[in-house]
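In the two complexes that follow, chain A is the common piece, with chain B as its partner first and chain C second.
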Partner chain A sequence: MKPVLLLLALLTAAAAPRSGYDDASPETRAMQDDDDANPGFLWVREGEAQWSKPAGPDGKSCASCHHDATISMRGVAARYPLIDTVSEQPMTLDQRIAQCREERQRADPLPPESEAALGLSAYVGLQSRGMPLHVRADSPFVAAGRRLFETRLGQLNLSCAQCHDERAGMKLGGATIPQGHPNGYPEYRLEWQAMGSLYRRLRDCMTGVRAEPFAPESLQAAELALYLAVRAEGLKVETPAVRP
Partner chain B sequence: MVRVLLNAPKQVPKGQPFNVKLLISHPMESGQRRDAMGMAIPRHIINQIVCKLDEEEVFRMNLFPAIAANPFLVFSATAEQSGTLTITFTDDNGVEQTETTPVEVV
Partner chain C sequence: MPMPGSIVSRTKRSVSLAMAALLTMAAGDASQGRAIVMNRQLSACLLCHAGPFPDPNLQGNLAPSLAGVGSRMTSEELRLRLTTPPPDSIMPSYSTTTGRRQIGLRWEGKPILTPQQIEDVVAFLTTLKTP
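Let's turn to the complex of A and B:
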């Protein structure tokens, strides 16, 4: 019974998540709202081209197996990260795409944060835009992710929760501290003047408190991403979002 | 070739202003930053954008540093007859690129 109660408490705590969109300025929101003005669409178009570009020894593209992404990828981003049935480990959408690229397409891995990798992720993510995030919350990995979220890190000795749960809406320097939701990734940050993955954002927040960031492929990074998605339950996917 | 999103209405009323939207993937390096070794990073910006409707120039813009990367531009134009809208931009490295989109007057 106990884990069930714990879970319920966890879900009610995240009852009304507020998207980073609502903390952004009207100008930034307007940029996100207009597909012609949203620089994220430069990456989306790159991803669309990648989708049907053959690679690897079999000359296959993503489209060879998945055909029309607007149909096959609809709703996919809204249910990631999930627990992979083969490895029984949490897997992010970016990891799934990398797996397909390397094991099924049998092509060279796309470097993380490259135009091609971000493009594919943005193009797949876009197919779920407007759909509510809904990932399964009943796994020990979610609880582990929550523990990480609440653990103090780095020389500044701050936890994610101290900023994003306890101080959301307050200021850190000139920036409003958002609740820290993952619903817009990959997203265009004006500060980066580029598109970036959720992992890049987490790395920035971790180095921000002068902690050694979890490695991109680490279990911790995936658990944290999984907990963030559970915490954002019901928020609409905004990929490609624009943030300050 | 850099990625460009050029958007104008496919059909426009004769003589009525319409918006042209342009988004260009470009670093727009200002020339005022230094790298980790303290060396100046050379300026690398788009310095000129020219828009024509067939042979007629309808818009020209000179750009300077302090414009963000991946610049977004909106301007208005009018058309008396159908034609091809052509955007040509040039950057500090001498790269020139042209994008076109048809505009039909109705």
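Let's turn to the complex of A and C:
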């Protein structure tokens, strides 16, 4: 290999994103690797049941429109968030599922972080497990998300980037700082003793620096999620991941 | 550590301001200061720093250890470090209520520590001598 090419290859290798999986303990990784031991699968099973459960005035289920999720939902989670063609705004997978539920199924919204909402999101996410994240990186919303990621927030005055770009691998109190990638969500956190959405994680990080978190449906939350996905380009979807 | 000239002059001014502030309150209580440093919900020191405290596995490594800091720095320098960290530092100012964004409602308008708590922490840090 020519020296220049070698250098390029090394630089690219150094810049490759590192999943939170690689920072987790061997026990936590083993739990994720075994579907029978992974507590996230309790939620996945709930979501699988939810998929074909009729709701709303017309008694439609997700399956009424999307049929077999193992076919129709394959690869979907790997390309979210995307820019919705109707609203021209960034939209997360959880927001899309909520939109289908309210506008197409015309059913009551599933409460955020409920077993039914997390279950559906996990069941849909599972259909992309092992596929590389790839979202469009060329919208102004990505740039806006990056600015948010690099802005110091809260009483402790820290940005996401100061921890996750500049200090990943170091110790914050007893915790190893991961690069902060969204590829495992919804995921089971031992700290929560439960499954939780990416939004729940962002809220924890924001209140951790004593900032007022962006509201779940805010444009900022979606921009941040979009930038996180661009930043994690190529990382494999691990839903439902297990983390400390 | 050498400092650029502009920071030195700013430092001198802040030191005199910080010392003036000290005159208005009771001298620090080192045992209170130790409790404040060890209380991570209150001060967050041990999120970033390690030091001569129990549970070393729960202490951070984002910053130099506080062990021996009382031999390296005077109380004036320590007070300045807590109130006016260099702008590019990740260490927050413990006294300011301005210049930050999107502070959570519970913390809005409040410094991380009160002036008295800062004095207590300074009094404690000066006891951390190199053995």
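The rule we apply is simple: the second predicted complex is superposed on the first by the 229 of 244 C-alpha atoms of A that agree within 3 Å, B and C clash if a C-alpha of one lies under 4 Å from a C-alpha of the other, contacts with A are read in each partner's own complex, and residues count from 1 in each chain.
The rule is simple: contacts are C-beta pairs under 8 Å (C-beta built on N, C-alpha and C of every residue); 3 or more make two chains touch, one makes a residue touch a chain.
Computed from a predicted model, the values in this text were never measured in an experiment.
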{"item": "Contacts of A:T207 with chain B and chain C, given as first, second, both or neither", "value": "second"}
{"item": "Touched partner set for A:A194, first chain B, second chain C, both or neither", "value": "first"}
{"item": "Which of chain B and chain C A:A30 touches, first, second, both or neither", "value": "neither"}
{"item": "First, second, both or neither for A:R45, with chain B first and chain C second", "value": "first"}
{"item": "Which superposed partner A:L172 touches (first chain B, second chain C, both, neither)", "value": "second"}
{"item": "Touching partner for A:C65 - first (chain B), second (chain C), both, neither", "value": "neither"}
{"item": "Contacts of A:A215 with chain B and chain C, given as first, second, both or neither", "value": "neither"}
{"item": "Touched partner set for A:T151, first chain B, second chain C, both or neither", "value": "second"}
{"item": "Partner touching more residues of chain A, whether chain B or chain C", "value": "C"}
{"item": "Residues of chain C defined as touching chain A within the complex", "value": "40, 44, 46-48, 55, 57-62, 90, 92-93, 100-107, 110, 112"}
{"item": "Chain A residues within the chain B interface of the complex", "value": "31, 36-37, 39, 41-42, 45-46, 190, 193-194"}
{"item": "For the chain B and chain A complex, residues of the former touching the latter", "value": "3, 5, 7, 21, 23, 25, 27, 68-70, 72, 74"}
{"item": "Chain C partner contacts - residues on chain A that touch it in the complex", "value": "151-158, 162, 167, 170-174, 207, 210-213"}
